[in-house]
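In the two complexes below, subunit A is the common chain; its partner is subunit B in one and subunit C in the other.
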Partner chain A sequence: MSFARLREGGPLRKTVILVGLALFTFWSAAPVLWLIISSLLEQKALIAQPPDLSPQNFTLENFSTVLAAAAALGRGIANSLIVSLFSTALALVLGAPAAYALARLPVPRANGIAFLILATQMLPGIAIAIPLFIVISKLGLIDNVLSLGVVYLSFNLPIVIWILRGFFLGIPSGIEKAAAVDGAGIFATFWYIVLPISLPPLSAAAVFAFVEAWNEFFFALILTRQQAQTVPLVIAQFAGQYQTVFGQMMAAAVISVAPVILLAVLFRNQIIRGFADGMMKG
Partner chain B sequence: MIHSFNRRTLLKAGAAAGAAMALPDFLGSTARAQAAGLNVFSPLPPDPAPPGAAKFSEEAFAKWQADNGATVAYETLAWPQLHDRMATAFASGAAPWDITYNCGWVPEFESFLSPYADTLPKALVDDLPASSFATTTVGGKRYGTVFTLSLLTLFYNKELLEQAGFKEAPKTWDEMKACAKEMTRDGRFGFVLNYGDPAGIGGTASYWMVFLQQAGGKLYGEDGLPSFKSDEGVAALQMMVDLMPSTDPGSISYAGINDATNVLLAGRAGMMMNWPFMWNAANDPKQSQIVGKMTSAVLPAGPKGSASIDGTDAWTIVKSSKNQDKAQKLIEFYLDAEVQKRQVLDTGWLPIRLSVLGDPEVQAKAPNAAVVLEQAKHPYDSFVTADYNQVTVAIGTEVQQALQGSKTAAQAIADAHEAVTAIVKRRG
Partner chain C sequence: MISTFEQRRRRTGLFFVAPALIVLAAILFYPIVDSILLALQRVQLAGGAVTQEWAGFGNFERLFTDAVFWKAARNTAYFSVMEVVLVTLLSLGVALLLNHPFGRSGFFRILLIVPWALAPVANAVLWKWILNANYGVLNGMLKSLGVIGNNQVWLGTPLSALNFLLIVDVWKSVPFVALLMLAGLQRVPQSLYRAAYMDGAGPWRSFLHVTLPTMRGVIAIAIVLQTIWSLRVFDLVFVLTRGGPADATVLLNFLAYRVTFNFLDLGYGAAIANVIFALTFLLAAAYVWLLWPREPKGAR
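Showing the complex of A and B:
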């Protein structure tokens, strides 16, 4: 159904659609709204049932407490930014040519290789935790943000390859043939023709990889100590054995989620186009 | 004056620059060689943490470091993540610590730890509850020292109890059931606990172990095989099942004690078993809606009396540490009477030293200390083994089924017994 036909519908039809969209928006945004609300509530108001949302229970104390201990959170955000950007950049640099090769070049058993790459994602992290720890430890790279970034590459690279391969498969072959007629080789075609028209899926893959790295917890837990701790570890510190300081945890989450939301807002058009163009054709 | 820039001057300049760059490192390493560096792996406060990581005895801690020529570096982590990081580091043979916190994991990590506690000063050992070494002793060797007396006791809302027509805390199972039943009214429940996670100390299985000991049962017999398929084992589970109509139904999904504690602090339940740390939380107006209403008591007695389990927060020394003596001295400092006193006064974590527990100032500041001390006169075995996680999952999942009514207590205990027997046989 086109928007033109929707626009032609009666007021009732429009109202139903608007209400439906509003409900869907609320449904999607509710967890984030609750995150913000609970970051502003006192602990005793949060544990009441139902939560006591009286105005006197709202406070900025959770934020001031978290910011007073800002060293850990600030370092966590900085580490997460470095790890996520490093891992995402590397995944794009390595993943885009790999995806192009698997999609457009005469690689023997390209589909098999692609599925093998996907299969690496089926291995649970815990299965490789100890061997990985030994390797990183022997290299003296425990508690190092860049080594964490390289580890994250192992799950970001397959994601990038799969998103981009789907997009590259959908590019009309005539474009590449025309480039070849003009004398462009494989690398020139890839660099000057394919990449410039692949910005939406590249952006989508980048955001996806960035968010994956930003949220990762398990490998950050075992491969860092104090200096390279990332944001998820810092947030988890508000949950102890006997006590969870929900308000402060939520305040830390609100602060730390800001860069990711900013990224999603800045690249929202590219993300939507990228997923539509890439994943659907995969 | 014009200097010619030839190969020799370049080499000289390079050597000078290299020396200048290396000097701070050299001086640093010399300083480090003089002051032993101790790495301590500890939970983050407000979970139990040592001076320097938590805010108490900081001056004494600085003095200890100066007097002993040692620098102590803490690696702190939220409690729920401690075990996994330790397990990975130990399994890979690259544990970087001299001292680690332990919580019922001593049998699991025993091969990576030193049995240092066998050589603690007699005066110190005599001032510790003998049973506090139960969870840190493997093969007759003591690998750790518990530093806070953390036993489950009964916490109850005095106001709700009185409204239900009772003047004092229940002392027996029957009284407990009656209290819970009467307190279940007006949208509140008589009892709450976290039955959502079967595993570990503080998991569903460990709560059943409390009732098991109160019934007079043991988890293992003299031969090391499970011995709980017995009247005592079934009676313990039946007691938990009987409490269920008066128990907050959310209990079956509460995975951590935090969840159950919040129900009590919100005034939505009347009683629960909990650890001593609960006292501070219950009396903090920012967290609790029942400030001044919370009281604690010894756990109600079953057919064989009261019993509990031990939180087992202990300090252990890593076998690969190159500073074994200094590490032991540091643990002795953590257990120093004055440090132990500040521990309870400033953080709320009870001391383990009997002399400090009996200190009037301590009892005034932590009124539950006397209750915990009284509870310690009764059995409190947590039955920890190297495969404790497997054992508690096997038992806990059966207990959960009985609590949800999908199995009878007798059937659940029989099935749990069979599962644990298989686990024990695999120990070899």
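Showing the complex of A and C:
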């Protein structure tokens, strides 16, 4: 048996791998497929035992009903967009230079600072949620999109810094030296040389931060009431109120997750590299 | 005074780092300090006004005699240990599958990224529907396969509810960890496998003696991170069970929330939050210790 053959394995191992891949596909895809199918089926066909999947039962009615009936969903999507864009954009603007400095410039105790920043990510939300709630109540900023955005910045900033730092650590130092020899200052080097070659990790960091902010539930639950409610809250409320209209519930869920799932699938290769570089490089 | 190149680099470096640090400190410093102070106070919320008075260690003493706290602690211990073991083993399995030539298709990466990006709340709502006692597809499937005779109320009995919480959370958590492990597997130098092959090692032995030792760091990181994440599971409990039945699915995190924001006992809630804080702190220290660069890095 050659080495190349060994990597693939004999018939037994091939069978095990194929069965494993089939199980993995079913396990990962089935719930998501059921989410989509449920959102497209009429209530009657959906609650039939077993569900009646004949083509004439498929409809977009659940979607149109949900969109027409629930003003909260539209407002939730608008709020989520504002909060996610706000916290992601600020995190990139503040995080990119910081990550560059921590990876490439002689900042005293750079590793210590980097790990301190990472450590803030490990804080359990509940520990800081109680004081934040008190402070924000006293300021009268409960149920305000921007106060939620600022709180999200506190966890998006560390994510962005760690993903970018992992990438910046791997840039060959020749690039910066060549720029310095050509007379470029540090700022010019960062702006004209480093940032343009960092577009893939920058997009990974941006998508990662956006997804985290879009999906966040806990702080939104504590810090918003009605005006500033984000999508996850609207969905959770829906699930409580319309427990029995399963198709509409699933349609609302599909609407709420579609934007970020699309982003994640489009940018999957950058995100996957970003995870690996950020989480495993010391 | 003319500064040297090195001095300028240092100054620019500080200038680059400072804004991010100041913003983080401005948002987080006070809440972190105050969360410890709050635990030492009796804090009441009435009509939007907050009243605070010092209570010494009263809140922490209460923890010892609070049966609900210990129940939540036991639930959390069971949930976290099982979650971390299952996620680690399944993720390693998935990563090995996808590292095989058959599993290299981009399709499988999409399968991993979708559950990761699915909002935890949407995920919980979806599983609430799947597990629905009357019309849920799980009951339907198991009945048609002849595994069960009658519809089961999966979230209706204590142990079953906690276990389903566990399964749903594992489903959601595996993809991210599997991606980390896959990246780790792809960094194992091929030459090591070749050498093992030359020495006559079969697939099992080369897994045991090449893959596992080189993956040790990645696996350790995954375990620590997953433990931290398992301690903060909240959305799932909130949507699926609200802690029921009979507090069987109350995890520490959810208990701290309930005590604080439903019972409005902010000081005691902060004390419970501090317990989670301390546990997480220890785990985070372990993570940093695992990741801390052991030798000086170049290019500084």
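FYI, the second predicted complex is superposed on the first by the 200 of 282 C-alpha atoms of A that agree within 3 Å, B and C clash if a C-alpha of one lies under 4 Å from a C-alpha of the other, contacts with A are read in each partner's own complex, and residues count from 1 in each chain.
Just so we're on the same page, contacts are C-beta pairs under 8 Å (C-beta built on N, C-alpha and C of every residue); 3 or more make two chains touch, one makes a residue touch a chain.
Quantities reported herein were computed from a predicted structural model and do not represent experimental measurements.
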{"item": "First, second, both or neither for A:Leu102, with subunit B first and subunit C second", "value": "second"}
{"item": "First, second, both or neither for A:Ser28, with subunit B first and subunit C second", "value": "second"}
{"item": "Which of subunit B and subunit C A:Ile261 touches, first, second, both or neither", "value": "second"}
{"item": "Touching partner for A:Gln226 - first (subunit B), second (subunit C), both, neither", "value": "first"}
{"item": "Partner chain(s) touched by A:Ile271 [first = subunit B, second = subunit C, both, neither]", "value": "second"}
{"item": "First (subunit B), second (subunit C), both or neither touched by A:Gln49", "value": "both"}
{"item": "First (subunit B), second (subunit C), both or neither touched by A:Gly125", "value": "second"}
{"item": "Partner with the higher number of touched subunit A residues, subunit C or subunit B", "value": "C"}
{"item": "Subunit B versus subunit C as contact partner of A:Gln241, first or second or both or neither", "value": "first"}
{"item": "Overlapping contact positions on subunit A, where the subunit C interface meets the subunit B interface", "value": "47, 49, 129-130, 133-134, 137-138, 221-222, 233, 236, 238-239"}
{"item": "Touching residues (chain side subunit C, partner subunit A) in the complex", "value": "5-6, 8-10, 12-14, 16-17, 19-21, 23-24, 27-28, 30-32, 34-35, 38, 43, 48, 50, 93-94, 97, 100-103, 108-122, 124-130, 132, 134-135, 137, 140, 144, 171, 175-176, 179-180, 183-184, 193-194, 197, 202-203, 217-218, 221, 225, 228, 231-232, 234-235, 238-239, 253, 256-257, 260-261, 266, 269-270, 272-274, 276-277, 280-281, 283-284, 287-288, 291-294, 297-300"}
{"item": "Subunit A residues touching subunit C - in the complex, by the definition given at the top", "value": "3, 6-9, 13-14, 17-18, 20-21, 24-25, 27-29, 31-32, 34-35, 38, 46-47, 49-51, 94-95, 97-98, 100-102, 104-108, 110-111, 113, 115, 117-120, 122-135, 137-138, 150-151, 153-154, 157-158, 161, 169, 173, 180, 185-187, 190, 211, 214-215, 217-218, 221-222, 231-233, 235-236, 238-239, 246, 249-250, 253, 256-257, 260-261, 263-265, 268-269, 271-273, 275-276, 279-282"}
{"item": "Residues on subunit A engaged by subunit B in the complex (per definition of touch)", "value": "42-44, 47-49, 129-130, 133-134, 137-138, 142, 221-222, 225-226, 233, 236-244"}
{"item": "Subunit B - residues contacting subunit A, complex", "value": "43-44, 46-47, 75-81, 84-85, 88-89, 91-94, 96, 202, 256-258, 261-263, 265-266, 268, 275, 277-278, 281, 285-289"}
